[in-house]
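Just passing along the structure, written as structure tokens.
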Amino acid sequence: MIHHLFARSWTRTLVAAFVALVFSVAITSIVLSVSGFNPPSTFQAMFEFGKEPDSIVNTLNKAAGYYLSALAVAVGFRMNLFNIGVDGQYRLAAMLAAAVGGTWALPAVLHQVVIIIVAVLVGGLWAAVPALLKVTRGVSEVISTIMLNFIASGIIAYLLNPGRLAVQLGSNNVGTKTISRSGRMPGIPFPGSDLRLYSFLVIAVLAGIAFWFMINRTRFGFDLRASGVSQSAAVASGVDVRRMVVMAMVMSGAIAGLIGMPQLLGGSYTYSLDFPTGIGLTGIGIALLGRNGPVGIAFASLLWAFLDVSSQILDFNDIPKEIVAITQAAVLLSVVVVYEVVSRVGQRIDQRHVAAQLGEVAA
Amino acid sequence: MSTTEPAVELHGITKRFPGVVANHDIDIEVAAGTVHAIVGENGAGKSTLMKILYGMQRPDEGTIKVAGEEVALHSPSDAIARGIGMVHQHFMLADNLSVLENVVLGAERLHGIGGKARRRIREISDQYGLGVDPDRLVEQLGVGARQRVEILKVLYRGAKILILDEPTAVLVPQEVEELFGNLRDLKREGLTVIFISHKLDEVLSVADTITVIRRGTTVDTVQPGDVTARQLAELMVGSELPVPELRESTVTDVPVLALNGVTVRDATGRAVVDDVSLTIHEGEILGIAGVEGNGQAELVEAIMGMLPLDAGVVRLGDDELTGMATRRRREAGIGFIPEDRHRHGLLLESPLWENRILGHQTRPPNVKGGLIDRQGARRDTERIVRDYDVRTPNIDVTAASLSGGNQQKLIVGREMSGDPKLLIAAHPTRGVDVGAQSAIWDHLRHARAEGLAVLLISADLDELIGMSDTLRVILRGRLVGEADPATITPDQLGSLMTGAGEGSAA
Amino acid sequence: MEQEIRTPAPDTEDRERRRSRLLLVGGGIFVALILLRLITGESDITSSGTMSATLALAVPIGMAALGGMWSERSGVINIGLEGMMTFGTWGAAFASYFSGNPWLGLLGGIVAGAVGGLLHAVATVTFGVDHIVSGVAINILAPGVTRYLSDLLFTDEQGGGATQSPPLPNFPTWSVPGVGKPLGSLEKHHWILVSDLAGLVRGVLTNLSPITLLGILLIPVSYYLLWRTAFGLRLRSCGENPVAAESLGVKVYRMKYASVVISGAFAGIGGVFLAMVASSNYQEGQVNGRGYIGLAAMIFGNWRPGMVAGGAGLFGYTDALQLRGGTGAVHAMLLLIGIGLLALAVWRGYRRRVVAAAISAVVAAGVLVWFFLTDALPREIVTYSPHITTLLVLAFAAQRLRMPAADGMRYRKGGGH
Amino acid sequence: AGCGGKKATTGGGGGGGDGKKSLKVGLAYDVGGRGDKSFNDAAYAGLQKVQQELKLDVKDLEAKEGESDNDKIQRLELLAKSGYNPVIAVGFVYATALGKVASKYPNTKFAIVDDDTIQKPNVTDLLFAEQEGSYLVGAAAAKKSQTGNIGFIGGVQTPLIKKFEAGYVAGAKKINPKIKVQIKYISQPPDFSGFKDPAKGKTIAQGMYDQGADVVYASAGLSGTGSLESATAEKKWFIGVDSDQYQTASAAEKPYVLTSMLKRVDTAVFNFVKSVGDGTVQKGDVRFSLKNDGIDYATSNPAALGDMTTTLNDLKQQIISGKITPPEK
């Protein structure tokens, strides 16, 4: 029986995901056809390109950042806390961590650990600002985190100047001092490609496992979920919601601090003007797509990264690569809608099921 | 219009909800110009039937005739157009809008939304003595006034047929009398009133005809002169009604809960709980009587630590609780059956075994070393389901799929299982069926015998009088009186609750 | 500064008092700004240029804010405004470029924004999707769709590309006749009050685009529609208690659809302004967070049109000041903030709220020290002074606000007891 | 409206059949891509010239906002692998990626615009002395100004744009040491919206004119179009950047475009491709300056410049001869 129901809720998620995928492929095909392109050959080109070793490495590396970002967002979402500020949190964290890592050379391992800890701390502290504003002043975290994203940009711009935390890199770029070899994470070779997998991928996977464990097995996780499902019931059960808001937000920010690490420690070794931006915003979409669960998010971030990567070949084939953005948005919107419908139907089935089992139906 | 036609005829009405048949082949005829009562226990399907008549829900089968004409009601507007108005079981008012706005909403065509409408409202208010000020914000009104606004809303639309769904549930006897006065006035003006209650004395005093519904079907239609309350009750339940009563006293002199000068203020600085002091002993059930909205909810939340105290001390046994977090209080031995189980008692979308953990997240059998002990929680949920007769196929279904009574039994079982010293029971049997009701009472009696102290809050005066060792009355946040449950009648208690007999029965 | 933060009045207060208080507060701020100009010598603080820039920067934010208000008054949170504005900018470009007629551009922007609103309505009202989730999805959708369409339709046009439209036709601009010249010369004298007032009036009355006028007009129109008509009453009732509204025959879904679509249309007008008035073509990323800032202005404005417009104005003013006056004028604002906080500290002390008073006093002291020790603020930070202002203002104001009771609630027909 | 969705750049190739070994030219844009009225557009202009005059097959790919080095690597590699040679990367953001790809494809010629960090046998660094041109337009501004008050609007506060600022200020001071220069940047990195926010370009310019400036130099990509609008409304002077903005201005605006600082990315791209075809390609730094016409100022509005061209040309000669060295910072 347990297995039966467990399987059922799985089936539900799968059905939702499948319907949404079919729906968005259909939308994409329609858009493509209307604009004069051949959908099957477009998809085929994407898959051909996507399965090249370079593309696979690129997809996985991208997915690492997306995954962490979506996890950060999901911690908040699990208790109906909308941390739109992941973007600012990870950028500020990566910048300061890079500055620290570039300034002090430490023995290997310790060096990486210090950089990561700085990132986690900065991310968490920056996220504490909206959390405190929310619990002490009642400011909606949606608005405050958005404002803080902008303000983070200002702070980064201020600090990222030669004479402050940055040095000139080449004639037109500035960045923090390059992290020495002891602070880098060596990449993992991938057969058939010169590109290397970020070894931080492993940490991302571990973060996912930790997230799952935290949500499903710890008291904190229970409180978090309870606050998300019914805040009033959680309060009555003794959950201190203000404390939960602060803790969840700080935790979300701390995870956000990790987002820039794959790139920083595995690829660029400096935070410069061209450090990737916007991963925090993408994470929101991916968290929604993955239903805020660690496994769902894993699939979602792979899908998203795959679409991003294979969009290159569309550009090459003179197909507007923005079709990919349409696919992503369509998947997202249809997933939320379809899941809503599926869970309503599921609830109904449940109630009918219970009544039928008990024979409680009135004569 | 011929007056010989019945105002409303319902034939063969059937309505199914997922898992429940709320109405099954219902037949009712309501004569014009009469007060027609519909009685039935909780969940019998009364509200559903009325919502069908008001166009809020579509019947799966059956026909509706209004003034002899068969009608299809797709929405409340259709019903309103046919002269049907409904006052719902729960208030249907927007707090942040004025009385005027609430009244004219949806009926703006009649007199606009400005001065003309205001004059008309005053007119109606005067005509029926409702005493309603159109420009007050609804949130500033008390329960009785809100009830009258609801009635005004219906009259404003020129309804000829009034449906009142349990209008008396939140009123004290004196207010009920006033309301019945109003109803008689309405009848005199030629209106038809359909009136729902499960308080049989009331029904017998005001109705011209009574229809009894049991488990979704009409059982009988009787005249008030022909039946006694007892007979009606048996028609309703199909058997004898359970009676709330305590046997011998188990009260000891060991204090469990002691409140001293407890004061809580709302955002505007008004004291909603005002200098409350009381003591509950081991083995004692202390009932608090009061009209809804007089500070009971806030008092409970203050004891639970959900609201901050403005002044005063809360002690549990030897521990001082003041300033302690809700969780610590629960750990110290308070069990809590909340007034609104959906909002405060359950995670509706979570399985039963997770609901078992709720409120007991820090204690075995739910946790082991900071981690959730799934096996422990599941095992104990099975025990509760068994011991408290929670009707469910298994413990993996969501709480939302249980019926209200079974949800309540699960909560009672859970709250009893932490070996509490004190149980706060707010309306523990509200909205549960008779079987569950008597089971819950049994559990309370049993726990009391074992030394549990209980703070009981209820709007059901029979329950309150029958189940309490001590009775206190709360009015505008203050404890205004004490009564002996052995001697007091519901009527006397009612007048204490309104402040009419302040101090006299102490 | 502090005064206007504390104004948002509860609905209980009668309209007369609220109105006079609004005037009083507005006047107070104006006088404070004049004093600040005198003390610091930053003439831009009250110049007509600043005022008209304020207007130009406030219009798109104000449209988003009003749009948000429409939607939330019916109980639907609309965080998708950003995306709807993006649709608006593109729609305006598409329609005006290919027709050559700016007015059709206005229509195009309105329709495009409304389509965004419709999408949000379908997701939230019909399918009961969480409002924030749907809004976020729309914000992700909009840039993709507009870029795809631009790539398809604009790349082959002269001056167009995947990220922008070709130059668009202009709207005519209007000035109230006989105002510009005399006021302009008055303003030049830097006379106390007179010149400041002249600046204010000239800035607001000259070189107006029809969209600006439309935007200003929509403030009273929104008020009238929402608070003075049956339609408005029904719409607001859906945001306060949809179950009650439904029980009185109000078609809740229909009202919510209407309000969310109107909300999208308003955002669309904001987009039209950005693409056709503030600049002369559609440009990817043009909206740049204004939809979100509009939401903040709406919250600041307590979901009421007058104050909402005030919130947009405040943001526009800060932005105008930082863009035009640069670091000096914003630096001068520090003085005002410092004094305001000091006043707050005194007030709180008087009310015997010692801790709060102490906190205010410390912050005030910090701000003042900062002011006197520096000549200018870092350029990088000044760029974001509007966002910092928004955050501060919300931190002071958020607790006194009252949102519609059922705002954000996922409502289902027949869902009541 | 063309609904075909085909880009102009695909044409040309294939059917040449003129016997010569036909080159396929690949180009990767920086964020902003075509239509930025700045260096991406200039690179595109160069590419178009390549296509028209050299009849070569060309392919241009766009970047995505916020992408990582790996994306850039893959883009460049896609071009190199598919036989595009030479491959041109527009913008310093490609530096790291280009370094890696160039090592992997030693037989492909690469060029990168605005970067000097990649020194490889098959890489040409196309560099510009923006400060020199900015110096000249700064001098022009100071000569034209009657108020002794001029403005500089930078799109995004990056080292590159600061170079423009430094040259401009120095040039202006050379003419009038007491001149007041108002300086303002629209956005801060990593927010690159300052290059494409005409509304803000307009507001800032308006503010500068209100504060007494009568000439404003906008080194702000597309945002400059807003500044020009404001100049037109105020009947004050405007100086353009990168390409000759007199050419793209509307009839009403033309009279107010004093001059433009020309940064000939188009020439650089075209010459580089040509040199690859000729086999005369030069590795390492190729500097474009006043000396080789890679940098210049526009004289398309003689009515506005009047007789100041003599002064400007004189300054130009002094820079070329090394007598004057405009500062880079």
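By written order: A, B, C and D. Residues from 1 in each chain.
Note that a contact is a pair of C-beta atoms (placed from the backbone, for glycine too) under 8 Å apart; a residue touches a chain by one contact, two chains touch by 3 or more.
Protein names from UniProt, one per chain: A, C = ABC transporter permease; B = ABC transporter ATP-binding protein.
Predicted model, so just to flag it, every value in this text is computed and none were measured.
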Legend entry - Intersection of the contact lists for chain A (ABC transporter permease) and chain C (ABC transporter permease): B, D
Legend entry - Most remote chain, CA-based centroid, reference being chain D: B
Inset, instruction - Would you mind telling me which chain pair, A-D or B-C, is linked by more contacting C-beta pairs? - result: A-D
Inset, instruction - Using mean C-alpha positions as chain centres, tell me how far chain A (ABC transporter permease) is from chain D in Å, no decimals. - result: 36
Legend entry - Inter-centroid spacing, chain B versus chain A (ABC transporter permease) (mean Cα positions, whole Å): 45
Legend entry - Separation of chain B from chain D, taking each centre as the mean of its C-alpha atoms, in whole Å: 75
Legend entry - Multi-partner residues of chain A (ABC transporter permease) (at least 2 other chains): 35, 153-154, 157-158, 320
Legend entry - Residues of chain D whose C-beta touches two or more other chains: 3, 5, 7, 62, 157, 188
Inset, instruction - Give me the residues of chain C (ABC transporter permease) that touch two or more other chains. - result: 151-152, 162, 380, 383
Inset, instruction - Write out all the pairs of touching chains, ordered by chain label. - result: A-B, A-C, A-D, B-C, C-D
Inset, instruction - Enumerate the contact residues on chain A (ABC transporter permease) facing chain D in the complex. - result: 35-37, 54-55, 57-58, 61-62, 91, 153-154, 156-158, 160, 168-174, 194-195, 263, 267-268, 273-279, 308-309, 311-313, 315-316, 318-321
Legend entry - Partner chain B, residues of chain A (ABC transporter permease) touching it in the complex: 1-2, 5-6, 216-219, 221-223, 225-226, 229-230, 232-240, 347-358, 360-363
Inset, instruction - Note which residues of chain B are touching chain C (ABC transporter permease) in the complex, please. - result: 47, 54, 56-57, 75-77, 80, 86, 88-97, 101-102, 104-109, 112-113, 137, 140, 153
Inset, instruction - Name, in rising order, each residue of chain A (ABC transporter permease) that touches chain C (ABC transporter permease) in their complex. - result: 31, 35, 82, 84, 133, 137-140, 142-144, 146-148, 150-151, 153-155, 157-158, 161, 281, 284-285, 288, 320, 322-326, 328-330, 332-333, 336-337, 340-341, 344
Legend entry - Residue numbers on chain D that touch chain C (ABC transporter permease), as the complex places them: 1-3, 5, 7-8, 32-36, 62, 157, 182, 184-185, 187-188, 193, 196-204, 206-208, 210-211, 222, 225-226, 229, 233, 248, 250
